[in-house]
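Questions regarding the structure given below will be posed in turn.
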Amino acid sequence: MTVCPLEYRYGTAEMRRLFSRENLVTRMVEVELALLQGLASAGLAPEECGSIGGVTVRPSMLDEAERRIGHEVAALAEILAEKLGGCGKYVHLGATSNDIIDTAWALVLRDALSIIGSRLWSLIGALRRLAEEHMDTLMVGRTHGQHALPVTLGFKAANYVYEFSRSIVRLCEARRRVVLGKMSGAVGTMAAWGSAGLLVEAEALARLGLKPHPISTQVAPRDGYAELAAVLAILASQLDRLATEVRELSRPEIGELAEPGSRRRVGSSTMPHKSNPTLSERVSGLARIVRGLAVAGFENLVLWHERDLSNSSAERLLLPHMFMLVDQMLADAARIVEGLEVRAEAMRRNLELSRGAILSEAVMVKLVEKGVPRHEAHRLLRRLALRAEAEGKGFAELVKESPEVSDLLGGELDEILDPSNYLGMYRELVARAFEYAERAAKVCGYSNSSQGSTRTCSYST
Amino acid sequence: MTVCPLEYRYGTAEMRRLFSRENLVTRMVEVELALLQGLASAGLAPEECGSIGGVTVRPSMLDEAERRIGHEVAALAEILAEKLGGCGKYVHLGATSNDIIDTAWALVLRDALSIIGSRLWSLIGALRRLAEEHMDTLMVGRTHGQHALPVTLGFKAANYVYEFSRSIVRLCEARRRVVLGKMSGAVGTMAAWGSAGLLVEAEALARLGLKPHPISTQVAPRDGYAELAAVLAILASQLDRLATEVRELSRPEIGELAEPGSRRRVGSSTMPHKSNPTLSERVSGLARIVRGLAVAGFENLVLWHERDLSNSSAERLLLPHMFMLVDQMLADAARIVEGLEVRAEAMRRNLELSRGAILSEAVMVKLVEKGVPRHEAHRLLRRLALRAEAEGKGFAELVKESPEVSDLLGGELDEILDPSNYLGMYRELVARAFEYAERAAKVCGYSNSSQGSTRTCSYST
Amino acid sequence: MTVCPLEYRYGTAEMRRLFSRENLVTRMVEVELALLQGLASAGLAPEECGSIGGVTVRPSMLDEAERRIGHEVAALAEILAEKLGGCGKYVHLGATSNDIIDTAWALVLRDALSIIGSRLWSLIGALRRLAEEHMDTLMVGRTHGQHALPVTLGFKAANYVYEFSRSIVRLCEARRRVVLGKMSGAVGTMAAWGSAGLLVEAEALARLGLKPHPISTQVAPRDGYAELAAVLAILASQLDRLATEVRELSRPEIGELAEPGSRRRVGSSTMPHKSNPTLSERVSGLARIVRGLAVAGFENLVLWHERDLSNSSAERLLLPHMFMLVDQMLADAARIVEGLEVRAEAMRRNLELSRGAILSEAVMVKLVEKGVPRHEAHRLLRRLALRAEAEGKGFAELVKESPEVSDLLGGELDEILDPSNYLGMYRELVARAFEYAERAAKVCGYSNSSQGSTRTCSYST
Amino acid sequence: MTVCPLEYRYGTAEMRRLFSRENLVTRMVEVELALLQGLASAGLAPEECGSIGGVTVRPSMLDEAERRIGHEVAALAEILAEKLGGCGKYVHLGATSNDIIDTAWALVLRDALSIIGSRLWSLIGALRRLAEEHMDTLMVGRTHGQHALPVTLGFKAANYVYEFSRSIVRLCEARRRVVLGKMSGAVGTMAAWGSAGLLVEAEALARLGLKPHPISTQVAPRDGYAELAAVLAILASQLDRLATEVRELSRPEIGELAEPGSRRRVGSSTMPHKSNPTLSERVSGLARIVRGLAVAGFENLVLWHERDLSNSSAERLLLPHMFMLVDQMLADAARIVEGLEVRAEAMRRNLELSRGAILSEAVMVKLVEKGVPRHEAHRLLRRLALRAEAEGKGFAELVKESPEVSDLLGGELDEILDPSNYLGMYRELVARAFEYAERAAKVCGYSNSSQGSTRTCSYST
């Protein structure tokens, strides 16, 4: 019996493996063995206990022991103690549960952030390719849902490149505050290891490839997880914004974009004609859950004294859910962008819908150049725009008929009213967005080629 | 591989069964058959199609079909169409997916609310028994974490009885807005059934024991789920408040309460002496997730036009998680209250900690009775309280020595300074709380005996 | 210097007055005088102290005293003690600050809920008038942003009538749990009044027209405020849904609705042609703040023991902000609906956009009536819909050409493809929505005429 | 009439000035003049229009014009156009409202972040001084609210130093993504300035000391504000954690800390003896509002296409409220830490409360050193701890009597049971925390002296 859609519906297999109970237990075992190595290096355990590896503990075995003992990590320590023969008695020596749990989470999060980072970098790559391909594909720029000025699809895509690249940097920065080991005992003083504490910590974490928190209580400080949750919620909201873009531009009245496959899927169990942007809608829906969970992350850092346990149950849910959901959303978004159907002719048609009014600013600017005060030009053109709508006439037509305008702009009007002449510095701005993405990738250890991404993410702290 | 702790850690088996994919599919089949009955009653399907029952569909079969078709309910309709022979072609006729999904949810939520209601009523019962047993057990009343005035444990428990009874009523009221059928077709007009729409709806829902929403779009209005989520978040926060009470009063410096079993459990993997209120801490932790998810519920009702799909993925997570977690929290809370260790002697000791200052108000009131203006009495006693602390003397002692006080109150002072004489109308107020609980239970269909609770929850709309 | 837009931008004057510091202080004075009457009735103060009225305290005077004393209510008590001559010394006797504050809030909230209720009932009235006027105005029903089936604008409006009426009921129900007096002393036992406690409470609250909480700690239980915040957040989200409807249907490509005045306002400082649905956008924006504040409401009820002070600062912000913002949103929504520009011709045009595909379900239903199995009919029509799109042909045309369809439906096809014939039971469903609204209004004490609303809101508990 | 407590109760005068409507208008004027300079530099306005300064606009004048025109920035542009004589007609030329608004916000946020940063750095300084002064002041380390192991107050304070220093870095990093100019016109293409766009932008922003966003839509990307809100919510939650520490340790049963002035303030209007940690409670209360508002920040970034207006109203509330409240909380926290009453004798007394059990781990570790397997030692000592509690005996006493222990540890036991011998590497860890703080300060441009902080905050992007 399965109740949670994470088990069968959302999240990739890769990410599911990372957050599986199997992997969490494996990571905890790994940390216990690293600690044993730390103890051995510090002379607190026999030398031969330092090089033990290849130990596995099945979750079911742990569950059985936990039921008996009433404490998960104590149960694990007991199982390991029995498994490791002569070294058994040094297992977990001087450590507290969260030395194991928090350090195991750091290992899981390191991998999970690597996956998220890669997927995000892939999505940015897809957006860049879209931007390049449609650098000059003219379309309506919309504000308030209304027609504003012309843009190109490439320019639009490049804005997303920039926005998502900011998330790349945020993830990098958050990573430096959560992918850290915690090996400092019950209240963080390392008391059980006497003067060898720093050595135990250094050796244990070196084996795991982690740096330590400079200081800690019983637990690593929870502001790190809160930050991670917030950064993922921001990323989820950015994906929601992209999905909303696709959903809106897929409306039949607009018809500029279509989600890949929306035509092949059954859209409705009752309306045979329906073609729905369901992938994008899923992204928007899941974003709400991620935003909600971020709130729990904030509350979760208000722990009593050297810690209380209230963060524990919340984190067992918070961390897998946020990562699995954002993982799914990124996979969906990449699929959407990579297979996006672009209908340039609909874009063009919509651009002409206002019969020139979308270029009213262009006319205004030219009038000002000819010496008309800006606010007078604004009033004049607003009047013409209202008249065009009231009389059902074209704005372009009225502008040409208007003596105030045509006397000044006469022959230039056709050029002024051509949307492809009113795109400003879009090429340079797209280039700046791409440069930002490259810088972000470099700082965060991604290769700067758009066709793929490396998994390693090396930061200089 | 399991990633979600709902699968193995949180939520009772009873609730897990309800929200299992198996049960959801079963419920959807049930609704499809009820619809078939509605169609038959209205003459839109042969009469014999109206009495079909006992059909089961395995989730794996549905998954397989969904992968092929790309739409869950369309896949289910196809499976049923094949299973039902001559009636197959009438399956799902004129219905939209959410006729099936929303009505199936109504059935699941009816059962889930019944479980939550029962557990909550049991918890209230346990609190009432605690209140009765400790009606006169004196303890410190605390405000700002500081000693305020004496109360009794029974009085404290009765406040929780009142607070939780308010949640009983809220759940009842929310139930009336979510346990309703939705059988109105693709945009809510019942168009496919022509003039027979109201009849199809009436017959189908009658079989399921549901009343209909008076009107709907493609879906039942989502403010109902948002309300449910909010009401559960309030209940979760009340449970958090109760858990916080236990956690605080279990501090060794206070020592007035102890969670059951906290002594038998291993408290720490490294500190052998630890006895931790881990059940209560779990309640506090899970409350954060429930609060966070409620936010998603609010956002989720802002659907476009006759609906968009964004609510769907969010609800697949929202509903099971909220119910499973609150279910676990209620089970934990009941266990805590039922097995609560009460240490009356520690309560008494703490009551004496301020050496009389906790009764400063009692003295003040008597001084006013003797004619001293209230604010002068307040100033005088505040001065004595500060002096007591500064000089390390007992407040009672100083009060007796103070001529301003003892001249007026002399012989009565011992009686005034006895905390059991300063409890006001606590017995009457406890009785009022109990009466409120009875009224709440009656309105919501619970039996008014404290030893148990019925499952049926009959409301008059 | 003003920092908060509530001071000059959002919220009506009526609501601002209610939540002004002046009014809060006035209400606290009123409660202190009511308490004095309670004390007099119970013989704890001279009889003549029971009938004092007409006392005012200026906020600036209170601020000055608070700065000196460091406690707001203590300062108020001192000011009153000085003002009331011989009765002065009985002021606030035996009460705690929150007897005054919570009871004053109950008075403010009673008025505030009355305003919100009236505005909401007015909005429902406007939606009903819209529904009546456009009962038969045909338009596209949209799901996923895509065309689904025809509806009428009246039917759409009636769905909002139902949804908002549910909020009417929720507000009513929440009101019964928050508009209650709290007069029970420092820890809720009424200790200072000895055996006269219940009498003091009854007399004081009778003067204010309030019933008491059956039991309380130092404060009224905060689940009530949390519920109120949640109910307002749900209402805000419903308003957001309505505003989103208007914003979407105002897109120039759709053009079915326009916000009143959107044409007269300057839409853009730079684009003279812009007509933006800024009122609706404001509603959507403010909804986010209201949703966010609801979270604070949940957290705020987790108070320690007989209370801690942490709720106080949060509530000073939470309550005025939520009410002022929802007040503004309701005023905006009413203005939008009352002045809504409806463009029936655009609705008609969009209905024809799919060249008949929007009626594919209607054709399917008829085919099933003729004996075609439902899922075969679904497949056939889906194929035709895809072909229509691929070949740029009309769906209606293809359907007529298709022998599988025309052989069966031949002469009926024109009628089947007429959207006004495929509206199902819309009139009956609209009537049911109106009935629900009437019932809701009756339960909550609103007059059932649509042209206005009464201010009194009488509930039977 | 004032409704919002930001006007008179929360936030420092310094911060209030920044977010006052006066300052916002001043900043917008400044940006308009900078734009004029950009236009002049690019030859789009006469040279003399580039050096205009010293223009002021009163909010009341703006309000009046906005009421007439219906658009705030259009109104401002018109006022300036009238004021600036011959240059008037170039005002706002080619710009969109959010060029002005977003860039003005960047200026305000630059100052606001500087204040927040300074206050936070001061708080860290106060915590460092506390840590230094009480480096060796022994106290109980608590987990789950229960006694765990000894720590020192200095060690505890150093943990807060580390945690808050992480916020210093987060603020720095967020700053780089929000303190950026936006000068790119109606849809971000700079179209109105033709090929001079980049020059206009560069010159205008140089005057203001800002770098530009590499690309933008009509607005600067809102993920930046969302991040800022989240970072402030994390900081607020950290302050809540600190405040909770003080509130808990001020409980009379614990009595280790007291908030400054808690003794002098009137604690209660009715209980003369009360001394309440009201400053700390206020911090906890306000944190909830800040956390709630952060949710609105996430939602707020999901804007349609090149933007919709829904972010505008939300931000008018979000930004001032978050900054004003965190500002107040930081001021409160600094006051608390700087004036904190530390009661070392109570700390010592509590340390002895468990009569040695708090050192059970220390004994366990020594037993393991002598060859006892860890989990056997754990079981033995747990048994002794339970017996001690059951029999009301001292744990230390029982340990000494136990032959299993005393045979092995005999003469060392007194030393082992001395808490000051079981503090591990606390001094080194405190030093590491301080080093982290120094590094954070250096990166973010704070002076590294603990006695004060500079206001300038120079980042290398």
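Observations, loosely collected:
Chains here go by letter, A, B, C and D, matching the order in which they are written, and residues are numbered from 1 within each.
As a convention for this text, a residue touches a chain if its C-beta (ideal position, glycine included) is under 8 Å from a C-beta of that chain, and two chains touch if they have at least 3 such contacts.
In this text, all values refer to a predicted model and were calculated from it rather than measured experimentally.
Note on connectivity: the fewest chain-to-chain touch steps from subunit B to subunit D number 1. A count of contacting C-beta pairs for A-C and for A-B identifies A-B as the more extensively joined pair. Separating the CA-averaged centres of subunit A and subunit B is a span of 34 Å.
Measuring from the averaged C-alpha position of subunit A to that of subunit D gives a distance of 24 Å.
Each of residues 74, 77, 92, 94, 143-145, 148-149, 185-186, 192, 247-248, 266-271, 276, 278, 281, 291-292, 294-295, 299, 308-309, 361, 378 in subunit D touches at least two other chains.
Listing the residues of subunit B that touch subunit D in their complex gives 143-149, 247-248, 250-254, 263, 266-278, 281, 295, 299, 350, 353-354, 357-358, 360-361, 364, 377-382, 384-386, 389, 395. Subunit C contributes residues 74, 77-78, 81, 88-94, 141-145, 148-151, 155-156, 158-159, 162-163, 166-167, 169-170, 173, 177, 184-195, 197-198, 213-218, 221, 223-224, 226-227, 230-231, 233-234, 237-238, 240-241, 244-245, 248, 287, 291-292, 294-295, 298-299, 301-309, 361-362, 365, 368-369, 371-376, 378, 422-426, 428-430, 432-433, 435-436 to its touches with subunit B in the complex. Those residues of subunit A that touch subunit B in the complex are listed here as 1-11, 16-17, 19-22, 63, 69-71, 73-74, 77, 92, 94-97, 185-186, 192, 247, 261, 264-271, 276, 278, 281-282, 284-286, 288-289, 291-296, 299-300, 308-314, 316-318, 320-321, 324-325.
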